[in-house]
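Here chain A shows up in two complexes: once beside chain B, once beside chain C.
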Partner chain A sequence: MTYSKGGRCLPSFTALATILGLALAPLVAATPAGAQDRTSVKIGYAVSKTGANAGGAAITTIPNYRLWLHDVEKNGGLELPDGSKLPIELVEYDDRSSAEEVVRAVERLAGQDQVDFILPPWGTGFNLAVAPLFDRYGYPQLAVSSVTDKAPQFVQRWPRSFWFLGGGSDYTGALASLLSAQVEAGTINNKVAMVSVADGFGIDLVSAARPAMAEAGMDVVLDRTYPVGTNDFTTLLNEAAASGADTFVSFSYPPDTFALTEQAQVADYNPKVLYLGVGAGFPPYGRKLGDKAEGIMTLGGIDAKNAQNMAYRERHKEVTGEYPDLWGSVITYASLQMLQEAIRRVGLDREAVSAELSGGTFQTVLGETKLQDNRLRDLWLVGQWQDGQLVGVAPADRPGASEVILPRQPWK
Partner chain B sequence: MTLTTALIAGLVLGGTYALVAMGLTLQYGIARIMNLAYGDTIITAAFAAFILQGGLAVNPLLGLALVVPGGFLLSYLIYRLILSHLVARASDRGALEVDSILTTFGLLFVIQGVLLVLFGGNYTSYSFLNVAVDIMGAKVAANRLLALALALSIGLTLYLLLTRTRWGTALRAVAVAPQSAALVGIDVNRAAAFAFALGGGLAAAGGVVISMYQTFTATAGVVFTMKALIVVIMGGVGNLLGALCAGLLLGVVETLVSTYVDPGLTLAATYAIFLVVLLWRPQGLFGRVAR
Partner chain C sequence: MRTVIGFALAGVVLAGLAVAPLYLGPYGTGLLIGMTGYVTLASAWAMFSGPTRFVSLATVAFFGIGAYTMAVLYESLPYPLVLAVAALVGLVVALVVGLSTLRLAGVYFVIFTFGLAELVRQLVTWYEVNVTGTLGRYLFVSFGSEVIYWQLLGLCAATFLIAWVIGRSRIGLALKVIGDDEVVAVHCGISTARVKLALFAVSSVIITLVGAIQAPRWTYIEPLIVFNPTVSFLTLIMALLGGAGRLWGPLVGAVPLFLLFEWLSANFPDHYSIILGLLFMAIVFVLPKGVLEFAETGLRRLRRRPPQDGSATVAGKEVEG
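Up next, the complex of A and B:
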């Protein structure tokens, strides 16, 4: 039934577009691409504006693309090495949360629209789906919203791909060592109750967490998965409460994270460590819970003393109407700043831009930013809500880290 | 977790399913419209409750009194302006089913598009009545309990109305034999429009209650349509009591499987019981064999 979504006129429209494309192709190819003849820089992206991924894309990706485009426009355009500035011409597609659609859209951006740069889609799976295309057409891929332990291999395979959010074992390793330090300090027992969503993110994280917990001497007494779309967690929470674990960990998606939070309050379930998945770093989460959020931990976090980041947060609020989330958003924006700066340094040649992204040092909203082997390694791996702010608590030796406060206070 | 606790948790979960499904069974069973935009009506109501609660500080319970008539009216207009034309031109039931599926499939995207423009694709949630109520040792969220209570009271009231009143008899006559119903002086079109609108009102009630405890997005409607469809078919198309029982049954099975087997298998259990019911009684638990 899916085909009828686009209506029956789709084949004829595609045919028409193809004919037009063929007719125009020689013209486009004949145009010299020199900066002096250009009137704009074409930037394109395909992102999930509708469908199952829309919720995530609407938090981490789309607002930052909008903010960046807004900032570039205010700046008078993208600056080139000769000091001239060109406005951005935007080509935007909705991939409707379908992997086939995102591949088709990127193919179209590269082949038909012939954009100068393509911004990545939202999600680990989607970034992997389009990586071969970015590589084939020679576009640098700033894969931000993708968590994968395989990034080093991907960099080998696709040398122009850049991975900004680390891998599952980074996050779970940091969590496990944080927990074992707390066990040593006598704050908590070494038992962990762990639940995860049976989908990409949950599977990746929990498979990384199992060995990490074992290595850190933590005893996983409950390890359960649940299907996507589950909204009743009564039984899971009851089991977790009965397991005697002081630590509750969930690798969950936003709706599950919200439901778990609500239902833990109803069940008056008070583990000493409450670590929840994606969604616990969304600003409305902290706002809605108020004092009750204190002590809840999740992936990500920020350094609340970093002035650039705090200024970015205010600007994000001003332009998009909402504060950015406290994990991927700031990194998305920083990756765009890197692209902008690389273009200013070396121009619109995609090969040169890729090389600059890979080797250069940049001033971004994260502070001084430099990739290692095409990967961003300076990340906040565990964050904790403290005084209404999700602050980074691990790695503890990173400048700007806050001290973790445990045990978490019970719900009031 | 004891068996009683699991059963209570299951009934409460099933209450939500039943509440969501009863409107669809009215629309499909009596008005004969397979409404694929049903879930989007629920989401629209959820957003309406969210706005009333967040923007205007209206208690969601009071919101029910505003949103439910709104859902009724909107569905009535949709039937009168769009669907009645399909009914008028359909040669038989099969043709109407195909036409209504295609039309409401389009409607789904219209509603979704409007919601996306108005609210964006973000997750939306607020919490209301998220307090524990103790029932025989089981801690149950008051908002979910409300869903169960609403499902039971609406279901039983409508059931009594349908079986005990003249008006209800007319509606059932339309459900069973629309052609013959006209012969005995029943205004079939009016009855169908009313049933469709009533279904919309029920969907709105479901939406308001669900918004109190579940996170929703502008594009989440289809999930509700699917769940409701399973419950409707299991219970027997057009049968309110069937939808009620099937919804509760589904909730209990999911909770029991999650407690005693594995939470990962709840979805599999849903479809397994759906299959079993269809094999055993293809017409649904309470359905009559089609003539």
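Up next, the complex of A and C:
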């Protein structure tokens, strides 16, 4: 510091000195003002409100953060172990879907705003980008919107990180065993046509699906990857239809999922099993297709008999204007409830909260929720549209599971 | 004598900046990383685009190549060697691209360089999807953000040194001629293509190194993350604001703009993009030749008049703004 001050005192070389002064002034000026009486709990997050990731964040993450903040406020604030309640002071940033921006925003939240807790950003890549920072500053990281098979290694590396959405092989393994059971029952043949989007999600899932399908005795007769932004799937669907496979699987993103649905109807392509990627679990998807959605499968799902979850869905609709999606949303909300409950039990000490999250059992909108090795393992891995609801059908032995109904009825 | 004082001062400033992370918190260090990164990018960009007036939007192509090389090789090679390989890859790509495009006239070059970033991104994606079968690489490094910052600062200093040397060499003179009138340059016997190619290569290698050094900040590297076109546009606008034809121009543009962006995203996260767009238009309309040029013209105008006191401070203030 003394050096730069010396530099600033010298009269010549105005430009450089001015720049240095300009550069350092806000940093020095913004030194935190020391301890203060606690009148609120500061919670911060940086999430993609604009840019390439905004679509996903606007469905799974942001509405649930809003809903939770709304619910906490209605509750009179965050409850602490002594029964007192403190309001939440929110610090919110837009990472503009840039990795450098999300990293700096989290540094700002931790170092500058000195928030008590940081909620995670949206997406696998961004959760990983900020994980070392959460770890270094001792914040628990409740990473929901990230599907990764490497979660066990991440937990070892960052002991205060929590992974809620499972990994690619969880989903594809469940799908493969569901299919092989149907083959055994004689409902479908063992041929699978599989397409995937050439992006993080599609590649992760299809890479996990290949060995899973082989292990389950399924024969992948068509395995195609298409670039992000593809909107004409006619050729792919024709090839799939010609392949003789009873099962069509697409690990697709929402725009592709919608286009595939649309074009499969036009081509009157009717595989007995129609499994589509992200987007098929969005409420408008089911609403728009109506009866035609019946039997379509995707990742996620819910237990329609779980009253807490159904109440959450209505509240989500009331506060944010739309029903939550049927995969990550409810889990995002449940993770926030866990944080809230952990604070109520052990206070604002981040280390204690992390330990409580890791070892405690919580009542959330998912029902009784407990993490195993910092990971949520009670997940709906395959969902199917039945009677206008996307119900969880796998794992079949999980309480609340619905029976899968196959073959799917042809488009009417 | 002026040179010696200049170097001494630069040395003092550099030393001050180098110890800054020890006093600033992690956020300050993060800010310095971003700022140093953009100062280096803008200076490297201006090194080629300033004198030749070839507007390049390929910044992020090289930046991304650097980041990817780091992600691919970090586990298998010692760190300095990875940097060397990254520089080499950047150099080869720059030479190939330069040889094939630098004969293009201005606007075609802009379009090509913009396409180049997308081309490289698609190539990397294709390779990862079809050959390695994974998209997204993990990059776990053992050092902290201060080390990243020091490397960037060193690279930044080197960039200024290179730009300074070029400005005083025969090649610098040749560049000035090319920038003023390429036809005249050819008639003077200057091998314009070779000069431009050399500059493009040096500038691209520096940009590649910035990407390689900054990559560990993100832990997770995938094409969408490292080939973000915003990097190209921000670099360009920063260099233009300061004045791409001068040694200190990009610095004068990058530092205030970076801090402004930071301030905007901290205080107006929801209106950032709108303000940014308006700002870009304002820069192009009000300061088309950059702040430094604007200030100097003002200074010259003042000097031409009968001597009035305080002219120097007026200029100083304009530099600040």
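Please note the rule applied: the second predicted complex is superposed on the first by the 376 of 412 C-alpha atoms of A that agree within 3 Å, B and C clash if a C-alpha of one lies under 4 Å from a C-alpha of the other, contacts with A are read in each partner's own complex, and residues count from 1 in each chain.
Assume a contact is a pair of C-beta atoms (placed from the backbone, for glycine too) under 8 Å apart; a residue touches a chain by one contact, two chains touch by 3 or more.
Fair warning: this is a prediction, and the values are worked out from it, not measured in the lab.
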| item | value |
| --- | --- |
| Partner with the higher number of touched chain A residues, chain C or chain B | C |
| First (chain B), second (chain C), both or neither touched by A:Pro227 | both |
| Touched partner set for A:Lys150, first chain B, second chain C, both or neither | second |
| Contacts of A:Val103 with chain B and chain C, given as first, second, both or neither | second |
| Touching partner for A:Ala198 - first (chain B), second (chain C), both, neither | both |
| Partner chain in contact with A:Asn270 - chain B first, chain C second, else both or neither | neither |
| Partner chain(s) touched by A:Gly111 [first = chain B, second = chain C, both, neither] | second |
| Chain B versus chain C as contact partner of A:Ala131, first or second or both or neither | second |
| Which superposed partner A:Ala52 touches (first chain B, second chain C, both, neither) | both |
| Chain C-contacting residues of chain A that also contact chain B | 1, 4, 49-50, 52, 198, 225, 227 |
| In the complex with chain A, residue positions of chain C that touch it | 5-6, 9-10, 12-13, 15-17, 19-20, 23-32, 34-35, 122, 125-126, 128-130, 133-136, 138, 140, 214, 217-220, 222, 224-226, 228, 230, 248, 251-252, 255-256, 259, 262-263, 265-266, 269-270, 272-273, 292, 316, 319-320 |
| Chain B residues touching chain A - in the complex, by the definition given at the top | 1, 5-6, 9, 13, 102, 105, 109, 112, 116, 120-123, 125-127, 130-132, 139-141, 213-215, 217-219, 223, 254-255, 258-259, 262-264, 266-267 |
| For the chain A and chain B complex, residues of the former touching the latter | 1, 4-5, 48-52, 54-55, 57-59, 62, 195, 198, 224-227, 229-232, 234-236, 238-239, 242, 254-255, 258-259, 262-263, 265-268, 279, 282, 288 |
| Chain C-facing residues of chain A, complex | 1, 3-4, 6-7, 10, 12-20, 22-24, 26-27, 49-50, 52, 92-94, 96-101, 103-105, 107-108, 110-112, 124-126, 128-129, 131-133, 136-137, 150, 157, 198-200, 203-204, 207, 225, 227 |
